[in-house]
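Below is one structure, written out as structure tokens; the observations come after it.
The first chain written gets the first letter, and so on, giving A, B, C, D and E; residue counts start at 1 in each chain.
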Amino acid sequence: ETLKVGVQAPITGSYANEGQGIDNGTRLLANQINAAGGVMGRQIEVFTCDDQATAMASAICARELVNRGVKMIIGSYTSTAAEAAQKIYYDAGVIQTSDGTADSLTEKGYWTFLRNSFPNSAEAEYAADYMVNVKGYKRIVVVSDFSSYAVGLADATVAAIKALGGNVVSYDKIRADSQNFTPVLTNIRSKNPDVIFSAGYYTDGGQLRAQQVALGINADFIGGDANDNPDFIKLAGSAAKGAKIINVPTVDMLPYDLAKDFINDYEKTYGERPPSIWGLMNIDGMRAIIHAMEQNKSFDTRQAVEYLWNMDEPIEGITGPLKFAKDGNRIGSSYMTFEIQADGSYKIAHQQ
Amino acid sequence: METFLQQLANGLTIGSMFALVALGYTMVYGVMRLINFAHGDMVAASAFVGLTVYTQVMGQASSLFAVIAIFMLTAGLMACVGVILERVAYRPLRTAPRLSAVVSALGASLVIQNGIMLIWGPRMRIFPELVPQHYWHFGGVVISLIQVLILVISLVLMVALYLFIEKTRIGAAVRASSIDQDAARLMGINVNNIIALIFVIGSSLGAIGGLFIGLYYRGITFNMGWQYGLYAFIAAILGGIGNIPGAMLGGMLLGLFSAFISGYVSSTWADAFTFMLLIFILIVRPTGLLGERVAEKV
Amino acid sequence: MSNDVLFTIEDLEVSYGAIAALKGVSLEVQRGEIVTILGANGAGKTTTMRAISQLIKTKSGSIRFKGQELTKIPAHKIVKLGISHSPEGRRVFGVLTVEENLLLGTYSKGKVNPKTLRWIYEMFPRLEERRKQLAGTLSGGEQQMLAIGRALMSDPEMVLLDEPSLGIAPILVKAIFEQIKEISRQGVTVLLVEQNAKAALKLADRGYVLEVGKIALEGPSADLLASEKVQEAYLGKKN
Amino acid sequence: MADNELILTDVTKRFGGLTAVDALSMKVSSGQIYGVIGPNGAGKTTVFNCITGIYKSEEGSVRWRGEEIRGMTPYQIVARGIVRTFQTIRLFSQMSVAENIMSGRHIKSSQGWWHGICPTPGSRRDEKENWMKVGELLEFFNLEEFAATPTMSLPYGLQRRVEMARALAVDPTLLILDEPAAGLNDNETAELVDTIFSIRQKGITVLLIEHDMELVMKVTDYLTVLNFGKKIAEGTPEEIQKNPLVIEAYLGSEDEDDE
Amino acid sequence: MKKLSLVSLLVFLVVMAILPHLLDTRWQTVAVTFLVFSVVALSQDIVLGKAGMFNMGQAMFFGMGAYVTAILNSHFGWPIVATVPVAIVAPVLLGIVLAAPIVHLRGDYLLVVTIGFNIVFVQVLINNLGGVTGGPNGIFGIDPLRLFGFELSSQVAIYYYAFAVLLLTLAIMINLDKSKVGRALHYLREDPLAAESIGINTRLYKIFAFGLGAGIAGLAGSVFATQYSAVSPEAFEFIQSVLFFSIVLVGGSSIPGVLIGVFVMFVLPEIFREFSTWRFFVFGFAMILTMILRPRGIWPATFGKIPKFLIKEPKNGG
């Protein structure tokens, strides 16, 4: 008998690289564990289902994976796909661990859901505090795309800024991947902002930064967590220097030995580094569940989740200590602000 | 005023890229009554080919000569791909109902898009800063070297194409083939060659558009063709499909619309407003701004 | 007339999918002749013309022009050999102007013969008047003139005319028929398909009668005109 | 019911700078077979287009049974009993002959749009009756054996006949034919003459354009001759045949030895 | 051909009636979606196949039906059954209102305008207009269907619900072909001018086609929302309209053709899910090849559906 693990992720489509990152990571971890004798004697068997980052494909995947008899689901990458599958996993008693950051994911009371990243609201509060109190910006611009993640983060950030008495002079939307942001930026320029907070993904963020500088807008640039990707720097090119990014520690920054070893193995196996921190977050989710099962000496999913809720000491994780609240949220976020240096490296500018 | 002029420059830059790509649609449509849905993906493929030419063939040289060579090589390669595309996916459907070729085009679009993904991977690839970051400031208006290059090169190419089609013998043959292929054969026109020529021109213009995207925005993804394709196709329709000046006008206008709407009206509703404007224009002018030339009499 | 065979068709078979349109047609045209093909609707006249121009693939048989086999040549090369075709249904280039249409007639030559253009404008003054009008908006008869004119632009050795009088006013029909006589006098060979059998036979030197894809009768025009069968079938002489 | 009269007064239609129809007046009376002739490009088809609503004339009036129909859409005009055929055949080429004729029954059918979603016994009956009518027309035009043949694979002459059958299926009061004999040989033309007469027998007024003078002389009661959009003559065929203006512009001199 | 159609229809119905009992839940989900997509594709066939209008926005009407059910249920607490009529009528009205000013547009111009409508629609959903659409996330947790006190939440129950909807749609489609309006659509597709000239008000019938198509698609949308108990904007993107558009053409605009089209374009990719990275690459080639081999679609529509009594043997002699 084997321990069946499902991966639900966008293997094709716009987020294919993140999806494949999750899949690769899961399989790598499974192989490592299998090589070391498996989980309580059982080998791990991985099944992958491509949800194309859409709700519909996600629901089909969920049913398929449940049928396969999986105990846990790793993924999905986007909140939308994670959310569409939640109820099916809940009904089947299958644990789902996802990096989806939308707050709504943990608001339904499904015990089967474990978030392995930190919710948008946590980041929003940090970001608002940093901009309003730490930096004292007077004129703040928020930009997001239309994805649920970005809209969620941007909405929450705007609300948090207002709560702190800050001044949002403009809240704009861009279409993800549309590349041409100069019209929006030109409009922003006329508002004379002190800072532009970009709540979208790195692909848009990098270009936004480049075009900001090209238009001669003298404002600071702060990207949300999804901007934390080496491609941001490449895209922004010479404009990358001085841009700031808010996130938990990143792939390249993870100080833990566990992280370094895993990333090295990953690079050896796949010939490239993990595309982002998000794949690793998911791996941590998987590690936590397996850890709980081993501690319980049982494959029971409900028991495993209860174990995780009630742990006193956090589990050591690739992306930092792992600890979970009763609503399925991961606790203990430690956001920081990085400033990009001329050579492309990060300098920590502020820490929570 | 400053903002207005800046938006004008923004709109014209993106608009001329739309126009370059739109010409590919319009030319193929003109002769074959076919919406070549694979054209957008050809544009995306060009950017990847261009990047590979830069890294593999040019050894990452970034002189002016190298940039020109990248353009020539990529346009040449894509012209070949275009001709092959026509042979494989469209020629067997010449006499089939119009829409069968459209489905074939959608199939070709999938093939090319996923082909790019299989060859270059699903990740975004990034162009180096090949064109120097040079800016001119006119009052508050900032215009970059690359913007000027895009605008000027596009305009020159478009005017040249227009003159070629309207004033030369081969241009007349292209127009004749677009009306009645059998009758064109009776005139001694080799319609197969004309169609191949159309794909050569369309694909190379698309390739140039794709390289501009790469040089200007620098990030390229395997699936970016769809949106450029869609916008360019819409530009072609807006101008009056099959009509070369129409494609240019449509492209420019679409660029200006989206610039002014997302700049002045609302970025949240930019797409909605742009499309509503477009729909309105088509309701009022059912065959596009310049009109498709139709002369049907009963 | 000297026995100078310019053009022959032997055992030509053509079909549209499963429908056989020509079932073994043979005919022969001599230099300078006017030869007419008669036949009821659907007999295969147009199909024969299209086969000569290679607009439709032949199934078997041969078509030779000055000894050269045409069935192996692509359609666009036919006009270069000296055969031009004014097709059924006119097929003018609707969104091009009248003049552009005429000039395309010389595409295979690469240059325009101003004398020919002059001659065509004299033959059809209406075309000159409407030089800049889009051909698609011409009246039916005007389009027919344009189609004939366009075919003559390449100074062909042999011209195929498929129902040139269709939709043409009587006065012009006469004129066109006279012009056909005239071009034939200038040495151009004419293969003519006509519904108006009487007029066609009066004009032509010889004729063929097609019936459901086969040659039923052939001979000099005078003989055909006199033949009872032709009179009954095509000249409406049943009363 | 008012008289089935069609009266055109000063109808003018321009295309850009070109006046295709110039202040044309004419009157078609009930039961006539009325001919319009004239050189190519004289404006004949354009007049028909103005009557049937495909074009709207810039000036003048088109009255049918006392009602102004200028500016109405084609289907509104059909609903008033005027149907036409086209100079270049416009059949539904992929559909069978019977379906083509059935299309003419459209306005005579009593079905409402909801019957397309949910049939009723009444709509079934109506459907049946109309197909019966199609059967009659197939017989009338001698097309029975081609009922199920797609029209595009029919020879030209038969297509013409189908087009006429389709027009008759509408049960028109006024039938307009644009060059019905074009492309027909002499025998077929003779058959057409018979057909036109039997159509008139049904009490249908016929208005036609034709270049085949033999046919025109045989069938028409009255003629209008156009040149450059203007009426140059009108009268009975005999009168017209002798009119020097018409001979000069249209017929040409009779230099030939006719039998 | 006619016999073949009848036999295959019968076989199809029998197979479909017992199908859910042969499948596991994942494939049941696929099967239900197959049914729903078939209904949408048939509705698209009314507009594209029958009336010949290049509509690339059918996903909008589909989405509207889905959202009507979702919004009325989750925001206003309507039972699902009660939302169904609204999910039909609202798209019909929208269809009519949108179609009225655009049906005079020819082929590709209409195509662009319908794409435009679809894009505007999705942006409305994403921007959470009126605060009821749930923004980019959509709406989750829609109630199951309750009928006569039974809760039909299992996939099998929903399967039969969707199957009933498909049967209803098929009945409409079959009847349409035998009625005045259905034929009018064929005529105006073949030649609008000729259709006008025999008295068909082409504008009216084009609008009718849009309205009917929208209503059926809306009904399908309602079923879809019930099946997934969720709706989200990306399921109704314009790319989805492209799918329905292709289905009709690949299948060939006949009833069996459309059903085969849905199978080929939706179920096959599901079956080959394992080959994730290659699947669409190969699939694209398959689309090209299909059109080359069967340019009118896999099972093309045929004409000549005329009553038997009109078909006569060719006369001999005479």
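Of note:
The rule is simple: a residue touches a chain if its C-beta (ideal position, glycine included) is under 8 Å from a C-beta of that chain, and two chains touch if they have at least 3 such contacts.
Chain-to-protein mapping (UniProt): B, E = Branched-chain amino acid ABC transporter permease; C, D = ABC transporter ATP-binding protein.
The structure displayed is predicted, hence computed values, not measured ones.
Between subunit A and subunit C, the least number of touching-chain steps is 2.
Taken together, subunit C and subunit E share the touching chains B, D. Centroids built from CA atoms put subunit D at 48 Å from subunit B.
Centre-to-centre, using mean CA coordinates, subunit D is 41 Å away from subunit E. With centres set at the average Cα position, the gap from subunit A to subunit E is 37 Å.
Look at where the CA atoms of subunit B average out and do the same for subunit C: the two points lie 43 Å apart. Residue positions of subunit C touching 2 or more other chains: 137-139. Contact of a single residue of subunit D with at least two other chains is seen at positions 45, 54, 86-88, 90. In subunit A, the residues that reach two or more other chains under the touch definition are 12. Interface of subunit C with subunit B (complex): residues 53-55, 74-80, 84-85, 87, 91-96, 100, 103-105, 107-108, 110, 134-139, 150-151, 154. Taken in their complex, subunit E has these residues touching subunit A: 24-26, 28-30, 33, 123, 126-127, 135-138, 140-141, 155, 228-232, 234-235, 270, 273, 276-277, 279-280.
Within the complex formed with subunit D, the subunit E residues making contact are 172, 175-176, 178-184, 186-187, 190-191, 193-202, 208, 212, 303-307, 309-315. Those residues of subunit D whose C-beta lies close enough to touch subunit C in the complex are 15, 37-42, 45, 87-88, 153-158, 179, 182-190, 211, 213, 249-252.
Partner subunit E is touched in their complex by these residues of subunit A: 11-12, 48-50, 53-56, 59-60, 63-64, 66-67, 79-80, 83-84, 86-87, 102, 104, 108, 146-148, 151.
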